[in-house]
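Two complexes are shown next, each including subunit A; its partner changes from subunit B in the first to subunit C in the second.
Take a look at the complex of A and B:
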């Protein structure tokens, strides 16, 4: 199993959808950390629990729904990732975003 | 000698109550009209104001600040404030809250000082930078529990991003390649995609109020314009557009993955007090009210309104904690 500690490996303040929103955007996160690791075959835990600022739907949707739009198989994605945060909200949200992205 | 128009504010400024809305919006229009259409300097006399609610304060801040920034003159509108000796209520609402200082900021560097000094009234056009400073300020000044704080800071961050992505843009343009709405072009050129905000603590009710306000196109207008062009046979009107925009997946974009920010905004409401926690949105002539547990939020058309969007969260921290 691989773990991405978002605060340590990316930023304590991930924010926004596109690179034009911030230097720590979902687009950047997807390209820099998710895409290179997602096809490793290992289960991937993405841990947001040490970030300082809660991330919104736009970040989560772009990061994970964006993977589907990049061509990653949604079923593979759902079975290989687990998202962790302090509120216990993100994993369910992310699964919905993957589901929705797969229908478009 | 330059002549200044003197505009006297009414005693009560409030957009929540119908009987006070009219004169509150009249004042806003009067200031805007005198500066923008008549090209005059304004002295705004606030000495007799006894009550100004949080939402009215932010709309006044946005109006005065816009007049100053657009004319590159921090004295384009100057105010006379109530004195504690003869109007303690007005003094408390206007001077002690920091509204007076915000109204006299008048230029970007002074507005930035409000942020750096964690003033309750602030303005910005940079969502990333400002979401962080606002969250730090809320962490410093409020007594929310960690989850409630995180829910609110997430909601605020999404609201700021919405201003950046939607409020001033042509509804038919994409986020990736935004085009400014033609009617907002001058505003954006001079002020950027700006919003005004305030954090307000009501000691009597033990509630925090957080407000963010922009002078953009308005949520219903933005959604209607794109929806009605894409669906010429099924036209929608303001109320329906507002509900649609603030439901899951509701967005001016006819593709998936957008329009989830409204859920973040709602999620912040009702953690400790379902009865009094509230999300209130005034936009494009529609008032939207949501409390946790509501299946369908309450939506009403307004007879008078301001051009833009105001989002207000009223949240009670954990009961029994001061």
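Take a look at the complex of A and C:
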């Protein structure tokens, strides 16, 4: 199992959907951390619990819904990804965004 | 304790001085003792002492449990009220952002405040959940999505699109609040029926 600690490996203040919105955007996160590790075959845990405050739904949608748009199989994503955060809400949100992106 | 069972009473008359002499002879005395039945340690004394004490202890326990229940209910209501207040604050923020003037449509600022308040809301909801007031986490999820999804694109959206977003947020907020009250009343049932029947009797 691989763990991505977002606060440590990416940024404590990730924000925005596109690279034009912020230096630590969802697009940057997906390209730099998610895509290189997603096809390793290992289960991937993305830990948002140490970031300050939280991330907006747009960030989650772009980061994980964007994986589906990049061609990653939604079923593979659902079985290999787990999202952890302080509130215990992001995992369900991410699954919903993966599902929605797969239908488009 | 002893009891006489046979008495011989004799009265003699003196014919000379007209005096009477009464003599009493006890023929048979049976004596017996009231002894404690062997193997039984509980006497009337013990029963007279134990039962009232037990009743007092039971009474105290009932009063304590009732007071504890009332205090827990008050605390839970206070947490519920604070959650409702947070929902109202978030709704006001959303309305100001989505339908407000351009100066108020700073998505960074909006997101920061919403995320801070939402985290407090989530923690309060967890506190209430620990007090057996069931809360469906998915409704919080939907509300969070409604509040924050696509907020950075507000300047590219039309007024009607913003209105739709706002309506959705307010609708979810009202539904969540109703569900919270319902779950609270389910856990801490109102006692008005008992009061009515008491007054009628």
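Assume the second predicted complex is superposed on the first by the 104 of 104 C-alpha atoms of A that agree within 3 Å, B and C clash if a C-alpha of one lies under 4 Å from a C-alpha of the other, contacts with A are read in each partner's own complex, and residues count from 1 in each chain.
As a working rule, contacts are C-beta pairs under 8 Å (C-beta built on N, C-alpha and C of every residue); 3 or more make two chains touch, one makes a residue touch a chain.
What you are looking at is a predicted structure, and each value in this text was computed from that prediction instead of being measured.
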Inquiry  = Once chain A of both complexes is superposed, is A:21 in touch with subunit B (first), subunit C (second), both, or neither?
reply    = both
Ask   = Thinking of the overlay built on chain A, is A:65 touched by subunit B (first), by subunit C (second), by both, or by neither?
value = first
Ask   = Of the two partner chains, subunit B (first) and subunit C (second), which one does A:92 touch, if any: first, second, both, or neither?
value = second
Task = For A:31, select first, second, both or neither according to whether it touches subunit B, subunit C, the two together, or no partner.
result = neither
Query = Can A:56 be said to touch subunit B (first), subunit C (second), both, or neither?
reply = both
Inquiry  = Quick one: is A:101 in contact with subunit B, with subunit C, with both, or with neither? Answer first, second, both or neither.
reply    = first
Ask   = By residue count, is subunit A touched more by subunit B or by subunit C?
value = B
Key: Common ground on subunit A, meaning residues reached by subunit C in one complex and by subunit B in the other   = 15-17, 21, 53-58, 61, 86-87, 89
Remark   = The answer for subunit A against subunit B in the complex is residues 13, 15-18, 21-24, 52-58, 61-62, 65-66, 69, 86-87, 89, 97, 100-101, 103-104
Task = Give every residue of subunit C touching subunit A within the complex, in rising order.
result = 108, 111-112, 115-116, 118-119, 122-123, 137-138, 140-141, 144-145, 147-153
Query = What residues on subunit B touch subunit A, complex-wise?
reply = 127-128, 131-132, 135, 146-147, 150-151, 153-155, 157-158, 161, 164-165, 175-176, 249, 255-258, 260-261, 263-264, 267
Request  = Would you pull the subunit A residues touching subunit C in the complex into a rising list?
outcome  = 15-17, 21, 53-58, 61, 86-89, 92-93, 96
